[in-house]
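Below: one structure in structure tokens.
Chain naming follows the written order as A, B, C and D, and within any one chain the residues start at number 1.
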Amino acid sequence: MPDPRTEPTPAVSLQGLTVAYGGHGAHGGRPALDGITLRIQPGERVALVGPSGAGKSTLLGLCNGTVTPTSGRAQVLGTDPARASSRGLRALRSRIGSVHQHLNLVGPLRVVHNVNAGHLGSWGRWRALRSLVRPLQVDEARGALARVGIAGHLHQRTDRLSGGEQQRVALARVLVQDPDLVLADEPVSSLDPTRADEVMGLLCGVLSRDRPRRTLLVSLHDFDLAVRHCDRVVGLRQGRVVLDLPAADVDQQARERLYELESER
Amino acid sequence: MPDPRTEPTPAVSLQGLTVAYGGHGAHGGRPALDGITLRIQPGERVALVGPSGAGKSTLLGLCNGTVTPTSGRAQVLGTDPARASSRGLRALRSRIGSVHQHLNLVGPLRVVHNVNAGHLGSWGRWRALRSLVRPLQVDEARGALARVGIAGHLHQRTDRLSGGEQQRVALARVLVQDPDLVLADEPVSSLDPTRADEVMGLLCGVLSRDRPRRTLLVSLHDFDLAVRHCDRVVGLRQGRVVLDLPAADVDQQARERLYELESER
Amino acid sequence: SGCGDTSDSSDSPGAGGAAAAEEQEAGALRISAIPDTDPSDLAEREEAMGAYLAAELGVEVEYVPVSDYAASVSLFGTGDLDLVFYGGLTGVQARLRTEGAAVLAQRDIDERFRSVFIAHRDAGLEPVEDVAGLAELADTRFTFGSESSTSGRLMPSYFLDQAGVDPAADLDGEPGFSGSHDLTIDLVESGSYEVGALNEQVWRSRTEAGTVDTETVREIFTTPEYADYHWIGSPAMDERLGEGFTADLRQALLDLDGSDPEEAALLEAYGAEAIIPAEASDHARIEEIGRTLGLIR
Amino acid sequence: MSSWLAEDGPLVNTRGWPMFVEFFAATLTPDLSADFLARIAEATLTTLSFAVLGTILAVAGGLVVGVLISETWWAAGSPSRGRSLASRTARQAGWLVARLSLALPRGIHEAVWALLLLSVLGRDPLVGVLAIAIPFGAITAKVYAEIIDESASGPFEALRASGARRGPALLYAVAPIALPDLSSYAFYRFECAVRSAVILGMVGAGGLGFELVLSFSGSRHGEVWTLIFTMVLLGAVVDRWGSGLRRAGGRRWRTGGTVLITAALAIAALAHLGPDLSRLFSDRTAGLFVGLVDDLLPPALPDGGWSRLLEDSLETLQMSLVAGSIAGVAAVGAAFVAARGRGTGASPVRRIAGTAARWLLLFTRSLPPPVWALLALFLFLPGPLPGALALAAYNFGILGRLCAEVVENLDRRSHDHLIAAGAPPFSAFAYGTLPQAGGRFLSYGLYRWEVALRETVVVGVVGAGGLGRLLEDQRVTFDYGGMTGTILALVVLSALVDLISNAVRRTLR
């Protein structure tokens, strides 16, 4: 292991993190995340895999501070989201781009505004308001949409788009936000293989400015995609890390063990 | 071609169907579906594939009457949904089980109610209302949930479940509905490969009563799944059928052609 | 009808603000009356009074319709009304809240005003001879008129009390407040309330007009006389409209004697034969009763 | 306090039924004389002028304050569990104070506001406008806060999670979703302002409500019906306009048109009324204000002291609870029938039923509470029962409209999905709509309950007690100290209902 003093600050560092959702869970109280310790270096591209309900979305939520840990410590881009001041949290968050599993786009809004919402972390209040009346930075939004293949939909109502088109709007939002860390929760689940490949490439892309490669933490169900685009695969199962390997080293047996059906049935 | 007189009534028969959504579409007015002619026999299992925005969801919507065709005729289980009386339409619909791409579950409701909603087509008003107060046929609901692997979540609020768990609730609803025709729009997009396989098997399953195999029309992005579970693959692209082959005959080249990126960008 | 005129001369009630501000410069006399019986005739009557006073005093007169007793008293208190025709109780309230307000005059009938108690036939109540007879109203369903009405609430309350019936405790349930004399008749007629009390004047005019079923509702008692309505004037009038204006106004009111057809019609609208002088002391008894009953504080 | 539902003796007043019939028979003979119609036209103009200005102020103020008292604003998307106890407590306290401070303007009935403003500002159209704007604004703020809280969810959290400030996040993620509900409510407020009967007459401004009071207390049924029909007609126009706007689905010209028309109306109303703004800051006003405050303070107990206050509070609670429950249940049923745009599969029969239901709702809320009370008295003997029924009938019309519009504005995808699976409309409503609209229904139901608490007009005529009765008594006797005391009691009740409303909705969310 390298000397901790010379190692760069990790992009994400989780230590013994546990998340137990309140209420009568279905697991007899088993927490959604159970003592996760994980360290991701800047520029690393990590695929998060695991069966449905393993805790992938919860882990991504921890990283942007929408989920609060029951115990343990998280450090994201040098800040602990659970302990940051609200100003600090906002500064942190504007450096993180998230694609939510349910997309969370604003349906009645036109596509251009949903994409421009990626700017809200950096735009001032008035600029944000003005853009709602008459969209600003339209060319940038159009460019981002073109990169995901739906430039023609710029002025449509977002909820009129097909499932895959909506997913790409969410991705375009992250592209205009241009963050240091991307947290993407099954960002290509509604896309066909070819477009999925394209989009993964975009997410992994080198940042335009003088920064190094973007750090990427992406939950995926498609192992091939994971291996093709990521450096490292982290497998979750029942809230625990059960696999953490360089992408190339994941074999068929590991996959099968990871996804094995629970004895529950 | 067999003699039309001896041929059984097709489960789905579409003739020259065109759907043009109103408003300023992004395609310079290109319709979402453009003269589709398709015939599916009872018991057939058809995978609908094609790039995002090809019109898959629109086609499925046509079959259960949620989308009205601009021109052309549809015949589903012997009835034209666009021309049926409201009583006739309801009778038809209770024989069709749909899994929507966006699931459209009722978030604040408990899982058991969302599953039981599959009974609404056959339950009377009062039975439906009573069940909201105190769930009826709980064992059946629990059984369906067990088959998709989430029996433990029976009494949870649906919007508290993980993405894949929610998708399985939608599938369990179709299982209790036990319909003659299943229209499933990317029903396993949020599931890991192992669970996806399981669930596809369930959807294709033989009906419990004296009926023949269930007819299945399912849109998929995963070609392997399609080939494994379906008899026939229909490929859509820009609203047209560009591929219609027995599952075994689809080759790599056909796939690539189907998903080819548009020149748009 | 009356209210049609209202809008003509006051340039629509709504336009009061701007118009009032201008007229105030010009020194308009703003008159009002409490919203008592038959309110749309009220407007007609007050318009006529306005015209009379304008001619008599050579000032502009504006009639301000106010639908609420308490609001009217408040407006008098803020100096937004100059001359108001109040009921006994409201007049006392207004004077108590406005230092220097003067009693100007009253109608001849106001010296000896009366209320009537009416009852539904099925209540099985017999007409009574004197106040003590009202004791038979114990345990009946009873309604007053408006809360601030002298003839519909204060005095009936007083006479009930005299007969040993405490309206708050001895009736069948709480007493009702129908809101107006007319509604009191309707509610007794409908049998909802067995007994009600109202202004004698209204009762007479309704029975004469035949708009009440005297088979179903009948009068069981007419109260002794008491002083009721009177005009009071704002203390700020002299300052605003000229020294001695209050005295002129009082005289103008008293001069209303029916010597020409218009004056006669005006008097008739008031249901009076003449306007006579009034003193604050005429209403001392009202004040006292009001205090006893907690209606004046 | 009597346990009045189990009261011995008869409750029904059979003798009054002919008069009930007679009252409705007068619908056939409304007063259509030219004179009267001219008067109504004038009154309509005046009423509209006040209503436009009052509503604009109320909605604008309500929007700003509504945002500031919403939980969404105070919670602001940050994970509260992790924050320090101090900052969490500060947030909670801030929200609570902001929220409760609105219970004061809200807890005071419009008529009381009018009287208070009158004693300070004197006779000016400003009083009418403010007497509408202040209490309506406070209620609008509360309702808007709840709409915002109900609308803020995934998309809002997502924007916050990418570093957006709460203001812009609200603009981008909540406003587009809440807009139909916000505008529905604004139109509803306008309708209420048109109906607001007492206020304008009190300030000597006339108006439709004033005319109605006159005709009603003079027992002139023909005129009463003409006025009610006028209000129904106005209500229908407002209703159509509002629903047209909401269903425009992004047609910008309709939104733009509405803004332009509203602005034009406001200017016309200002010109027509000519309120004297200088009054707000004059010395006379200051003097009168000091005098009023002097009168109002210190608060005093009514005759009978605490026990009277408590007893009246309980009676008020009882009556309003019965009224609220009846109205609530009936309104949800009506909402199911009356909601427009049920999309595919709406049979002609349903459409006709829907139209009929909407007119019924419009009609029931166009009859003012005093009229309902009188009608109830033709059917029942005096006491809290007819009072509760009168309040229930009136509130049914209002709640039914509010709930129907909630249903119309809802994201209907789950509902439509159930329809597409063959569910009959009623079942689809029960499974697909109710669970999502439940929070909003509840918040409207509780809000109407709160309004019923202070509804003063009805209780007097039906011979029932309660805080409304007490307050009215104090108002007409100028017992300002007592009024303050009673108002405080009402405010406490309002605040209580408000907190209950919030707690219940929070568990639903």
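The rule is short, and it goes like this: a residue touches a chain if its C-beta (ideal position, glycine included) is under 8 Å from a C-beta of that chain, and two chains touch if they have at least 3 such contacts.
Per UniProt, the chains are A, B = Phosphonate ABC transporter ATP-binding protein; D = PhnE/PtxC family ABC transporter permease.
Owing to the predicted nature of the structure, the values given are computational and were not obtained by experimental measurement.
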| item | value |
| --- | --- |
| Longest centre-to-centre distance from subunit A, chain (CA-based) | C |
| Pair sharing more residue contacts (C-beta pairs) when C-D is set against B-D | C-D |
| Centre-to-centre distance between subunit D and subunit C (centres being mean Cα positions), rounded to whole Å | 33 |
| Between subunit B and subunit D, centroid-to-centroid distance (C-alpha), Å | 45 |
| Intercentroid distance (Cα basis), subunit C paired with subunit A, Å | 77 |
| Gap in Å, rounded to a whole number, between the CA centres of subunit B and subunit A | 29 |
| Residues within subunit B bordering two or more other chains | 102 |
| Residues of subunit D touching at least two other chains | none |
| Residue list for subunit C, restricted to those that touch at least two other chains | none |
| Listing of all chain pairs that touch each other, if any do | A-B, A-D, B-D, C-D |
| Sites on subunit A touched by subunit D in the complex | 64-69, 81-83, 86, 89-98, 100, 102, 104-110, 113, 117-118, 120-123, 125, 128-129, 132, 157, 173, 177, 179 |
| List of subunit A residues in touch with subunit B within their complex | 21, 23-27, 49-53, 56-57, 101-102, 146-147, 149-156, 160-165, 167-168, 185-186, 189-196, 198, 221-223, 255-256, 259-262, 264-265 |
| Residue ranges of subunit D touching subunit A (in the complex, touch as defined) | 76-79, 81-82, 154-155, 157-165, 167-169, 171-173, 176-177, 179, 250, 411 |
| Of subunit D, residues touching subunit C in the complex | 13-16, 19, 35-36, 38-39, 42, 45-46, 49-50, 111, 114-115, 118-126, 198, 201-207, 210-211, 213-219, 272-276, 288, 303, 370, 374, 377-378, 380-383, 460-465, 469, 472-473, 475-479 |
| Residue ranges of subunit D in contact with subunit B within the complex | 344-345, 347, 413-414, 416-424, 426-428, 430-432, 435-436, 438, 508-509 |
